[in-house]
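Here come two complexes built around chain A, the first alongside chain B, the second alongside chain C.
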Partner chain A sequence: MENYLANLGVLICVYSILAITLNFIMGYAGIFSLAHAVFFGFGAYTGGFIALNYTSSMFVTLPAAMVVSAVLSLLLAIPTLRVRGEYFVAASLGLQILAVTLFTEWKGFTGGIGGLVGIPPVSLFGTEIFRPTSFVIVTIVALIVTIGIFHLLVHSNFGRSLRAIRDSESAAAAFGKNVPVIKTVSLAISAALAGMVGALYASYLAFINVESFMLDTSVLIMAMVIIGGTGTQLGPIVGAIVLLSLPSAITYLNFLPQSEIGAIQQIIYGAGMTLLMLFRPGGIVGSGGK
Partner chain B sequence: MLALQLTLTGLQAGALYALTAVGFSLIFGSTRVFHFAHGATFALAAYLFYAVEAAGYGFVPGLLASFAGAIAFGLAIDWFIYRPIQRDEGSFFTVFVASFGIGIVVQNLIGIFFGRSFVTITSPLSRAREVLDGVYVAPLAGIAFVVALICLLALGFFLRTTFTGKGLRALSDDPELVRVFGLNPRYLSAAAFAIGSALVVPAAVFTSMSSGLNPAIGHHVMLISLAATIVGGIGSIPGTMIAAFIFGLAENLSLLWFEPQWSEAVVFAILFAAIIARPSGLMGKSAAR
Partner chain C sequence: MTETHTPEETHEDKEVLMELAGLGRSFGGVKAVDDVSMKLRAGIVTTLVGPNGAGKTTLFNLITGQLARDTGHITWLGRRIDKIRPHEAARLGMVRSFQDLRLFEKMTVEENIMTTFERSPLPRITTPAKRAERREFIDRILERCALTDKRNTRASDLAYAERKFLSLARIIAAQGRLWLLDEPASGLDPQSYNRLLGIIREEVQTGVTVCIIEHNLDIVIGISDRIAFLDRGKLLADDTPQVVLNDPKLASIYFGER
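Presenting the complex of A and B:
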């Protein structure tokens, strides 16, 4: 029971961090990415690869994962964020589909379709952290740090520029804000933290393969942000908790076909996204009505 | 010989891509709605055809069911989802998310009803014949290519000569002016959705008879349509068409050098290169808003 709760706690923290990082670019910078699972995945594979081949020290795996994901995000952002928002949606969808092929085929780095197996637990000053009850503390700390970073960012000068861009890009540009640079930097920060949590996730599960980093994951994270409340600080966490408890809630409803839990879950949040946009675009946490 | 074979397959693929992409481009260009559920329209049309045909009712009833389903779906989304959202000055974000949600629902409903594996309709026409030494073409490929060209030419004729067609082109240039001129933008937007959704039907039907269907096919269709619209230039139907043929040919000719699982990487590479080199598209006016 203790382990079950700790395991749920780890998952909620991991997905909350992913949702917070995506919310930062969606809700504050107005960038709609369908490739968040790619940054998560590159972080996970980088962390796992380093832990398997070199060292499992947290002070190596996490920064390395962050750098790899951030650099990748720059490659995507520099050409595409100069132009219209729709271009980024298209390019991120393309990157997500391409990344699934890459994760499946690049056997030397990702272990191919079989994935990376036996990733050693993360170590902190030489102590290995592998029990769910102790790992949950690590993820809670990571969550608090993430919340702290974004709280500071949103309330800084940088955050004000971001909101100005989201509300009116041309007005922000007219006030002398360098819109593409600000957007690119926010995407890099977001991707870096998604990569960090990827490395944690890899060491926690000890096994990762491409299935955790497909388009469905990107969509799930996006649904968490939207259903919780885009552009709010609490929304992504609420969204992560609600959507992660959906599968067990479906299990309790006996009249639903249990073999289709995954599909039913996706139908519920797909319909939820559409209905929220019609009646409450702010999400659960956001300001009500329209 | 292989190159010729792949060129022919590429032309067929390009013709089918052109139909779906032009449908999206027409809707997006004239109504400014980022209709991400266009991929869902494709999946729905294809599976309706598959269901009717597999139940033994034959080709024509399947085709009619597919047309009725696609047009009704497009019109219903415009009427019940996009219109209420736009009444409150819906942003790009709200429309995109609502559209995306519908796509997820349709994909999973199809998965529940038809299963998640590949399905395909076999017909004597889809059997390849040797037309030249070492070059195999199915009669279906030729039919698909001709039908697609006829549809695209008919669309061009419609947009250039009829009143509604001119209205649609005017709407994509300047919605305010259309309103001032006294045309009904609601009627025009419904027309765009009906025509755009109907255009995917031939593509969906030929795809179900050649390469087959799976519930997630909407994502691939959407990627191609989006990419072709951007590479061709937003608002330019001829540009979108040319870009769709480029994608069809590139995907197939890339098989000369790469393994098939990388064909989507080729699409991505072209899209990326085009965004860097020519952000306004092949025939677009301007990348500025």
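Presenting the complex of A and C:
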């Protein structure tokens, strides 16, 4: 039970970080990306690859994962700067599909379909962290750091520029904001932190394959942001908690016929999401309307 | 054009801030701006008038790089600027308003103002003294624009006239040398437009050059040092108010259209 909760805690922290990083570009830069799992994935493979072949020190795997994901985000920046709105969603979808192919085929780096197996646990000053109960502390620290970074970013002049761009790109430019650069930088920051958490995730699971980084993961992260409340600071975390604990909470409802539990779970999940969006389009934390 | 005027009257004693030379832009065969040449002199208010669709807004878009021009070039303080992007124009000191305002709708009045004078997007540490100075700067702008009690109101929750003044407040805050105002007075009640004219006059006193698109003749007469008349993309006149307002040919174009 303790391990079960610790495991849920790790997953909630990991997905909260992913949702926060996606919320940053969705809610503050107006970039709707369906490719967030790509950066999570590249971070995970980079961290896993380095841990398997070189060192499992957190001070190497995490920064390396951040750099790789940030650099790759420049690929996504190219369409961001050229197309708008729904076209960009399609462009990011294309990137997601491309990345899945790459994850599956690039055996030397990703282990192909089989994935990377036996990734050593991360080490912090030489101490290996492998028990879920200690790992949960690492991820909580990572979550707090992430919240802090984005809080500062959103409330700084960088965040104001970003929100101005979201509200009116042409007016922001007319007042001196270099729109392409600001968008690119925010994408890179978002991708870097998604990559960082990917590296943590890889060392936690000790095994990763492409299944964790496919379109449904990107969709799940986006759902967390929207359900929690796009453009709010607490929303992504609430969204991650709700979407990750709901399925397990439903399993504890004893009166439900156990044989049908899977289907019932899906129905409650789906109906809940639809009703929420009907009655609280701004998400759980969001301000209702608009 | 008018050899009978003294240099003061034609403002030829003033430094040329910006010169447009043969600017042109077409949309699908229609010349929205057609071979427009004019000088904007420092500290002078030029009103740009002309019927709807004359190309006034398009001319602003060409100046600030919002639209690429097909022909011509622009000189800024004697330096030719060939290809310019909107944020670069802003950094040179050209600030503009939009006919449809384009406020930062989900941001507060104060944030709208702060955003326009923060040049660098890099996060930086502000000292308390700097912060107090900034606060005072914003307070003064809010007061001038009658937005003091709206400081923390979202732009989208403002009333019509307040929105027009927030658009102006952003421009004041940007501290540019050239203001390009696209119909800032349209729909304003007399009290509000007098406030607007007061602000423009004060800024001109401090050396700001203004080019303002305006239809209301009272305002045109009240504020203009010069009037530029645009029709179907062509600049038909650019002269002192007396000359332009007394030209029967221009009046018939202007009033005939309504």
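Structure notes:
To be clear about the criterion, the second predicted complex is superposed on the first by the 249 of 290 C-alpha atoms of A that agree within 3 Å, B and C clash if a C-alpha of one lies under 4 Å from a C-alpha of the other, contacts with A are read in each partner's own complex, and residues count from 1 in each chain.
Heads up, the rule we're going with is that contacts are C-beta pairs under 8 Å (C-beta built on N, C-alpha and C of every residue); 3 or more make two chains touch, one makes a residue touch a chain.
Just so it is clear, the model here is predicted, and its values are computed rather than measured.
By the touch criterion defined above, A:86 lies against chain B but remains apart from chain C after alignment on the C-alpha atoms of chain A.
Once the two complexes are laid over each other on the shared chain, residue contacts for A:5 go to neither chain B nor chain C.
By the touch criterion defined above, A:249 lies against neither chain B nor chain C after alignment on the C-alpha atoms of chain A. Of the two partner chains, neither chain B nor chain C is touched by A:144. Taking chain B and chain C in turn and counting the residues of chain A each one touches, the greater count comes from B. By the touch criterion defined above, A:158 reaches chain C but does not reach chain B.
When both complexes are overlaid on chain A, the residue A:113 reaches neither chain B nor chain C. Applying the stated contact rule after C-alpha superposition, one finds that A:177 touches chain C and leaves chain B untouched. Touching of chain A by both chain B and chain C, each in its own complex, is seen for residues 170.
Interface of chain B with chain A (complex): residues 34, 81, 84-85, 88, 90, 92-105, 107-109, 111-112, 219-220, 222-223, 226-227, 230, 234, 261-262, 264-265, 267-268, 271-272, 275-276, 279, 287, 289. Remark: chain C residues 64, 66, 85-87, 89-91, 95-96, 98, 102-107, 111-112, 114-116, 118-124, 155, 170, 174 touch chain A in the complex.
Interface residues of chain A, counted against chain C in their complex, comprise 152-153, 156-158, 160-164, 166-168, 170-179, 181-182, 185, 231. Looking at the complex, you find that chain A touches chain B at residues 26, 30, 32, 79-80, 82-87, 89-91, 93-95, 97-98, 101, 104-105, 169-170, 215, 219, 222, 226, 230, 257, 260, 263-264, 266-267, 269-278, 281, 290.
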